[in-house]
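First chain A sits with chain B, and in the next complex the same chain sits with chain C.
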Partner chain A sequence: MRRVRQFAWLLLALVTLASLGAGLWAPADYAMQFREAPNFPPSHQHLLGTDELGRDRFSRVLYGSRVSLLMAPAAALLSTLLATLVGGVAGYLGGWWERAAMAATDLFLSMPWLFLLLAVRAMLPLNVSPITSIAVTFLLLGLLGWAASARVLCAGARGLRDSDFVLQARACGLSGPRLLAIHVMPNLRPALLAQFWISIPVFIISEANLGILGLGVSEPLPSWGGLLRELESFTSFGFEAWKLVPLVLLVLVVSSFQVILSRDEVYA
Partner chain B sequence: MRRGSLALLLFFWLSLAAAFGQSGGELRFYLHSEPKTFDPLLVADDASETIRYLTGGVLVRVNRRTQQAEPELATSWTISRDGRSITFNLREHTYYSDGTPFSAEDVAYTIQRLMDPALHSPTADSFRSGPGTLRTHVDSPTRITITFPAPVAGLDKLFDQVAVVSSRSANKKRAVLGPFYVADYKPGSYVLLRRNPNYWRRDATGRPLPYLDTVRLGIQPNRDIEMMNFRRGQIDLINWLDSEYFDRLAGLAPAVVHDAGPGLESEQMWFNQVANAPIPAYKREWFRSTNFRRAVSEAINRADLVRVVYGGHAQPAAGPVSPANKLWFNTKLRAPVYDPTGALRLLQRDGFRLEGASLRDREGHAVEFSIVTNAGNKARERMATMIQQDLGKIGITMHVVTLDFASLIERITESYNYEGALLGTANTDLDPNAQMNLWLSSAENHQWNPRQRSPETAWEADIDRLMKEQASSLEPAKRKACFDRVQEIVVEQQPFIYLVNKNVLSAVASSVANASPVVLRPQTYWNIETLSVRVQTASKH
Partner chain C sequence: MRKLARHLAAMAAVVLVGGLLSATLVRLAPGFGADEQQLDSRLSSESIEALRQARARDRNIPGFYLHYLGRSLRGDLGESRTLNRPVRQLLAERLPVTARLVGAGLLAGWFCAVLLALGATMARKPACDLFATLVAGVFLSVPAAVLALLFVFASAPAYLVIALAVFPKVFSYTRNLLARSYGLPHLVTAYAKGLGPLRLLVWHVLPVAGTQLLAVAGISVSIALGAAIPVEALCGIAGVGQLAWQAALGRDLPLLVNLTGLVTVITLAANWGAELAGQGLGMRTA
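Here is the complex of A and B:
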């Protein structure tokens, strides 16, 4: 298992490095349309062939990985912070605060998030650059994705609130915010980390879902979701293995996160 | 010896039947949704329309190949000089599928039922030519006169949509005059149509039509499954294919795919010119400038759109009417030539200038706008992305925004909170009268600036006048001249920037005889009476 974890770390590091250095080794701009060569198979010029508009698929995979790998952790960070604020604090305070926060969480969890996301996105201004659209997409994912983590963190904070060492610290005269900062939060850290790691693949897949619906990151910027749209009619016809690369990458990265996470959960 | 002669005779008959390929069989294809109704007068959806076409008997049929009205249940007709009345002479000795005789009373009953306000028939809308009621007069069992409250141009072709229902049959829903009747229906699964034994038409040799015994209409919304089952030989035809599927199928079995040429559908983009739309005033000024719209039009490489997005199965659009509409297309019009330099010249006339790679208006605003289109339509998304790159070459930044359809419609019809849009038009009616709700400045679907109290521009006033003139005229030549001028104005002003006319692509299994796909709906089975299916044991495409 240790070797698998090492391999997972290595893979994540490689994909991250490759995507961060996309500007160095991408053979073409991700938006450049080679209109004389749409849907071309792999060649020396285009390592993974070209997409339906003649854009170099290898370059788009590199840049698309950058978008998904950088923005998903950012969204995960935002949702974990929100979950800590709502769940962690409510669990620590208990009573009316906890009941209100958990009612809000239940309400959020019961909502069909995909439709909520579509509705919120439809209300946003239209005239935004593709980079802003990425930020908005992941910001929405982060803002709407905190509820499940909040429940976990609330339960963790509640357990700590009633624990002996917190009672003792309180008996020694430690005030609320200080108690929270010194004793509760450090002990919640493993759960926080676990929730953070869990959220990353969830947001990667959420963006991919939106992308498949044509509602993710806007053109011409690539993302894994947008790249996966090429596979919509894949089952009907011949096998073009190079088109599977974004899917394989997505599966490998999400699996790597899960493998790494399984170790963190042991400590949590 | 006698046995040998019998075998020889049997062989002879079998060979003859095989040679003609016209004996029975079952044709199978898919409806993409559940039929909403089997009542031919209430048809509003594609699936129900298919069933109406296959089962309904009409007085006049528009020949899908020649686009001319041809006699069907009416052997002849005359239109009065004032264009308000039409008199039909009906076919004699004709019977419904249940054996009930057909007469002028049935036509009168059908028209009265169609025009009943309580029925809310979508077909009736085109019969409401003006205030007043439509009257029918049965002159004899084989002759009927229908009088409209106001003159109607192209009167005879309206009856292509009206299947005559029986006034006397015990089971009115089952009694039909078309080539097939509905024999079985399993919701969510299939509709089975069986050959109408009383169908009136015969072929040139006197054999009763249709040749097919049954038509099985499976209900299958998924296009991938449709494609897969066609390849497996489980269905015999696909009425509509997109260019991607077409090319892949052509690679596997070139004989089964048919490209009938440009169809009636067009793809176009337009800018929001609504006076009170929530967009900056300087952008509205751009969008209202003819030079700006023409420059955008000239900067779009339509030939690339056709080649890359549609794999060559489309044509650069010349104007609002597709060349597929043989009667009304203005043959003088040509698609705009791709000319980025010319586009910049046009923009300079309005004070636009290039600063580095960015185009700016006379007040210094960078030219940047968004185009909305519906999410999930790959062809439109691809076109928008290509146009984005084309416009980038003349310094225009265009953002492509894909929205779910409901949000998109809300923006373009109610809140007007958008800058530009890329959508398509699916014309089903050839006559310009059907486009009144698009071209009149007061109309709801006058999308760039709908519901105007009075025309806001001189050219829109011209279009209003010409459209009304053609609608009230009974002279075909005058109508054509008016509508030709409308098309010219639209091309000059570019309120809609027409991009492409998509080709009509379909697939018909090699086992289906006499298929000859056309551009008008229903493309592959318009001549259903003469189609037949040869039995094949292992049919794969």
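Here is the complex of A and C:
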């Protein structure tokens, strides 16, 4: 299992590096249209062929990976921060605060994730610029995805609140905010890290689902969800296998996160 | 009985608070209150003013919510802006379609997950366990929308996509639960004393793991309902999921809010039903 984990780290590092350096090794801009070559198969000029608008698919995969791989962790960071604020602080304070925070968490958790995302996404303007659509999509994921993590962090903070060393620190006269910052939060770090890692693949998959349904990142900016929309015109596994490259990449990256997670969860 | 009443009261509270949040979001959404009719040049200024007055009543959020709540209690869920039909009628038509799809998907998903989890745990071979975990891991990494597209391409039944969305999560929970149960000291002793695998499972493992499996059953309803959106949208099935997708694309907020409320109630009912059944099972085995 250790080797599998090392391979997962290596794969993630490679894909991340490749996507970060998209500007260096992508043969064309993601939006550049080769109008004389729409729907072309792989060639020396276009390693993964072109899409129906004549855009180089390899370049789009590189740029799309950058969007998904940078924005999903950003959304995960936001949701973990919110979870810490709601769950961690409520668990530490206890009493009425904790009950109110857990009621809000229950409310969020009782709504199926994709229904909630659709409902809130529809309340925001749909006809926006590509950059705004990235911000809207991933902000939404970050702002709505905190509930499950908050529950875990609340339980962790509650355990720490009742622990002997926190009681002793309080008896020594340490004030609430300082106690929280110096003793509670550092001890919650393994749980925070695990929740952060858990959120990344969830957000990558959610963006893919939203993108395929036409509610994710707007064209011409590519993301894994937008790239997977091409599968709607998929006709054959044998003759159009290169269209599956974004899917294979997504499965490999998400699986890598799951493999790495299986260890982090133990620490949490 | 008291527990049931408490659950119902909690459900009502969640629905009321959720409804208030939804109504607030609808009220604050860009474009709220705008009516294309106001641009109709055939309407007189008095008619346009009357339309504005009618819309102005909705500007006050508590008033808007109370009005919405009152209508909902009378069974009037409003009218879909995009489809120009009563929401209640749309739900009555489409809910049975989704219920059949989700029901079949849940059954198939649970069957595969439990079978594979049992096989992986009872075989007691790392290779079997690794294979089962890999299969589940791959399906866990594929978005439901992609599965739906591939199933449309392969002309396979849509409920299998729901099954594949539910399967990996149920499998991982069930496998971990069974592995933990089989590791309990009294089970190891029973196994060492030569108790048959079927008897071990039925008499000793299932009573221990049953309560938690029921809790997973409640959660799996929520997963299946979430997967129903891409499946119905992409496979062209006229269910609640497709309706939610159309409502999102058309920014038909009244329809979407009612749909989210309905699905939340179904999820809550499934979770609390599972919890009550689990408590019943726990009391019987205690």
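We take it that the second predicted complex is superposed on the first by the 251 of 268 C-alpha atoms of A that agree within 3 Å, B and C clash if a C-alpha of one lies under 4 Å from a C-alpha of the other, contacts with A are read in each partner's own complex, and residues count from 1 in each chain.
In the analysis below, a contact is a pair of C-beta atoms (placed from the backbone, for glycine too) under 8 Å apart; a residue touches a chain by one contact, two chains touch by 3 or more.
Bear in mind that the values here come from a model prediction, so they are computed numbers and not experimental data.
S.K.: First (chain B), second (chain C), both or neither: which does A:Leu126 touch?
M.R.: both
S.K.: Taking the superposition as given, does A:Gly54 touch the first partner, chain B, the second, chain C, both, or neither?
M.R.: In the superposition, A:Gly54 contacts chain B only.
S.K.: For A:Ser255 in the superposed arrangement: first (chain B), second (chain C), both or neither?
M.R.: Only chain C; A:Ser255 stays clear of chain B.
S.K.: Who does A:Ser175 touch here: chain B (first), chain C (second), both, or neither?
M.R.: neither
S.K.: Looking at chain A, which partner touches more of its residues: chain C or chain B?
M.R.: C
S.K.: Using the superposition on chain A described above, determine whether A:Gln33 touches chain B (first), chain C (second), both, or neither.
M.R.: first
S.K.: Figure out whether A:Leu118 sits in contact with chain B (first) or chain C (second), or with both, or with neither.
M.R.: both
S.K.: Tell me which partner A:Ser218 touches in the superposition: chain B (first), chain C (second), both or neither.
M.R.: Once the two structures are laid over each other on A, A:Ser218 reaches chain B alone.
S.K.: Which chain A residues lie in the overlap of the chain B contact set and the chain C contact set?
M.R.: After superposing on chain A, chain A residues 118, 122, 126, 213-215, 232, 235 contact both chain B and chain C.
S.K.: Sort out for me which residues of chain C touch chain A in the complex.
M.R.: 14, 17-18, 21-22, 25-26, 28-30, 137-138, 140-146, 149-150, 153, 222-223, 225-227, 229-230, 233-234, 244-245, 247-249, 251-253, 256-257, 259-260, 263-264, 267-268, 271
S.K.: Please name which positions on chain B make contact with chain A in the complex.
M.R.: Touching chain A: residues 224, 227-228, 244-245, 248, 304, 307-309, 368-370, 372, 375-378, 381-382, 384-386, 388-389, 399-404, 407, 417-419 of chain B.
S.K.: Write out the stretch or stretches of chain A touching chain B in their complex.
M.R.: Residues 31, 33, 35, 38, 52-54, 118, 122, 126-130, 213-215, 218-220, 229, 232-233, 235-238.
S.K.: With touch defined as at the start, can you tell me which chain A residues reach chain C in the complex?
M.R.: It comes out as residues 106-107, 110-116, 118-126, 201, 205, 208-209, 212-215, 225, 228, 231-232, 234-235, 247, 250-251, 254-255, 258-259.
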